[in-house]
Amino acid sequence: MSNEMMPLSILATGGTIEKIYDEFEGSLHNRDTIVKNKILKRLRLPYTDITVRQIMSKDSLFMNDADREFILNSIKDHEQSKFPIVVLHGTDTMDLTSKFCFENYPEVQVAVVFTGSMKPLGFDDSDAYQNVIEAIFAAKILIPGYYVTFHGKLYKVPNLRKNKLRGTFEEIE
Amino acid sequence: MSNEMMPLSILATGGTIEKIYDEFEGSLHNRDTIVKNKILKRLRLPYTDITVRQIMSKDSLFMNDADREFILNSIKDHEQSKFPIVVLHGTDTMDLTSKFCFENYPEVQVAVVFTGSMKPLGFDDSDAYQNVIEAIFAAKILIPGYYVTFHGKLYKVPNLRKNKLRGTFEEIE
Amino acid sequence: MSNEMMPLSILATGGTIEKIYDEFEGSLHNRDTIVKNKILKRLRLPYTDITVRQIMSKDSLFMNDADREFILNSIKDHEQSKFPIVVLHGTDTMDLTSKFCFENYPEVQVAVVFTGSMKPLGFDDSDAYQNVIEAIFAAKILIPGYYVTFHGKLYKVPNLRKNKLRGTFEEIE
Amino acid sequence: MSNEMMPLSILATGGTIEKIYDEFEGSLHNRDTIVKNKILKRLRLPYTDITVRQIMSKDSLFMNDADREFILNSIKDHEQSKFPIVVLHGTDTMDLTSKFCFENYPEVQVAVVFTGSMKPLGFDDSDAYQNVIEAIFAAKILIPGYYVTFHGKLYKVPNLRKNKLRGTFEEIE
């Protein structure tokens, strides 16, 4: 029987999901994570103790292997606690980053779930809210390994790629 | 590789989650399911083909074993398609109905996930949206059996009961 | 030229607009005003200094002349500040209460605007948000007197009545 | 007594208020007016018959006098119907365009109310919803002339300018 709080870490790296509208410049930027204020406040998670850590703030189009190394090292740091991890990441290279982790550190001991969104969090029809709910839920029940959750679907890394035309991901063999 | 649509049935039975405010009487009633209009329209589920079927419209406090028998028969009907099922149900006796199904038909061949909400769907801070997202996601990835998902937590039927004081569920041995 | 803050008082009396859903009882009640948290936080009113005062918490169907006398006395109290007043009131007898004020104290020296809503504030399709925006705006620009604003229309008291069938107000001669 | 529908025209010219997020490019553009879908559907205006006409789709920073001439001509066209007009306009040069109309055609025979927003309509904390409600309400009750409504305040053209620092307008002598 387990009604205790389960810790879970969210590592925010930037990407569309965290873009904020700057009223004075009239443009969208990656700023400090808005996940806490925009999503977590609205969710009911009485048995989950979530920590959000902003480890980077980068459009995933501009990520290189040094950035991916840095993300993997953050995963390793948090893995020691034995608790699940959600990584918020831009969709454009989410397949590459998750594959990078899978290839360089396949022996990960916790569930690591990547997600992001097509539309930034502040929009009233953003898919971020749904995707984060799914990622948190998945991270809590899945066995150790790397996953992507997106639009109601679970992908096993590295069997996925972005389908730009449809604005979502798809499975590959 | 599977990028095909996966069918999924939602069986709506009433309960808080479907309560609608009647502007002319100033009160809340169980009406035809509002799940389609209030939730499904807002979700992105490019690989999930959801059918909503309103099989009952009852506050779960007033459900009896005949009602539970009827719900179980609906589950059996849909089970033949081999696709997962989400049951929307009032929280007050969700533990009883799911236990009834488990005891009378333990050999179910699909995942059956019960969920509901503390606050009706139309409220801007309703937990229905989150709970339905979790239930759909869970139903798609879990092995056959009966489950409850609620507030970010997965319960295996019949190991749960409502915690009225905290306004959520909890595990029991 | 006036870029100073203009004070404005909101007198909350109950009614549908302030109904709150009680998750534990599953019903709607008039509670302490939720106007501050649900509406004012979401509005941008850089030149308006709003004070909310909960003077009553009553379904307007159950208001009697003693209640109306009490509301009028509250209006007189606030009138001394020379600043506009918005009265939140149930729609069922808003015409009666505003007429009572008009007949018993026609010489009011500030704009007094009554409004309410058909659907409580917490609902995502509530008309409360719109009606309160209109009432605040109207109170700031109108000459002294009693008014009702509702669904984009301005009514001069006592020339109005509720149209129950259409769920709004209408003008009478 | 007037319970008839009152026609009202909304002339959309672009600006922040109509910016739409392009999920595929990840940027904001002025597209066809989203006023109808995002605002009017959510409002209750049982006595107002609104027509939206997209006459331009331009960031107001890039408007020149030819654009302003075009806007004024559209106002003249609609003025013949004798019904009020709301002009949706970028905030950066709203003062200039409204002043241009005032100076070149002071004898306008209907109320013309300009408004816009600091944050685009699709954002959940956009000020567009509030500003449009105020502009429609104002246009219906004001005497002929040019006005700006913004953040709960009514400005008489040309006595206003944008206050960029505070993200709103202010009165000038």
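Per-chain residue numbering starts at 1, and chain names A, B, C and D are given in the order in which the chains are listed.
Rule of thumb we're sticking to: a contact is a pair of C-beta atoms (placed from the backbone, for glycine too) under 8 Å apart; a residue touches a chain by one contact, two chains touch by 3 or more.
This is a predicted model, so every value here is computed, not measured.
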{"item": "Mutual neighbours - chains that touch subunit B and subunit D alike", "value": "A, C"}
{"item": "Of all other chains, the one whose Cα centre sits farthest from subunit D", "value": "B"}
{"item": "Approximate Å spacing (C-alpha centroids) for the pair subunit B, subunit C", "value": "39"}
{"item": "Whole-Å gap between the CA centroids of subunit A and subunit B", "value": "27"}
{"item": "Between subunit A and subunit C, centroid-to-centroid distance (C-alpha), Å", "value": "45"}
{"item": "Touching two or more other chains - residue numbers and ranges from subunit C", "value": "118, 125"}
{"item": "Pairs of chains found to touch, sorted by chain label", "value": "A-B, A-D, B-C, C-D"}
{"item": "Residues of subunit C that touch subunit B when the two form their complex", "value": "16, 19, 21, 23-24, 26-28, 59, 118-120, 122-125, 164, 167"}
{"item": "In the complex with subunit B, residue positions of subunit A that touch it", "value": "1-3, 42-48, 118, 125, 127, 129-130, 133-134, 136-138, 140-141, 149, 151-154, 159, 166, 168, 170-173"}
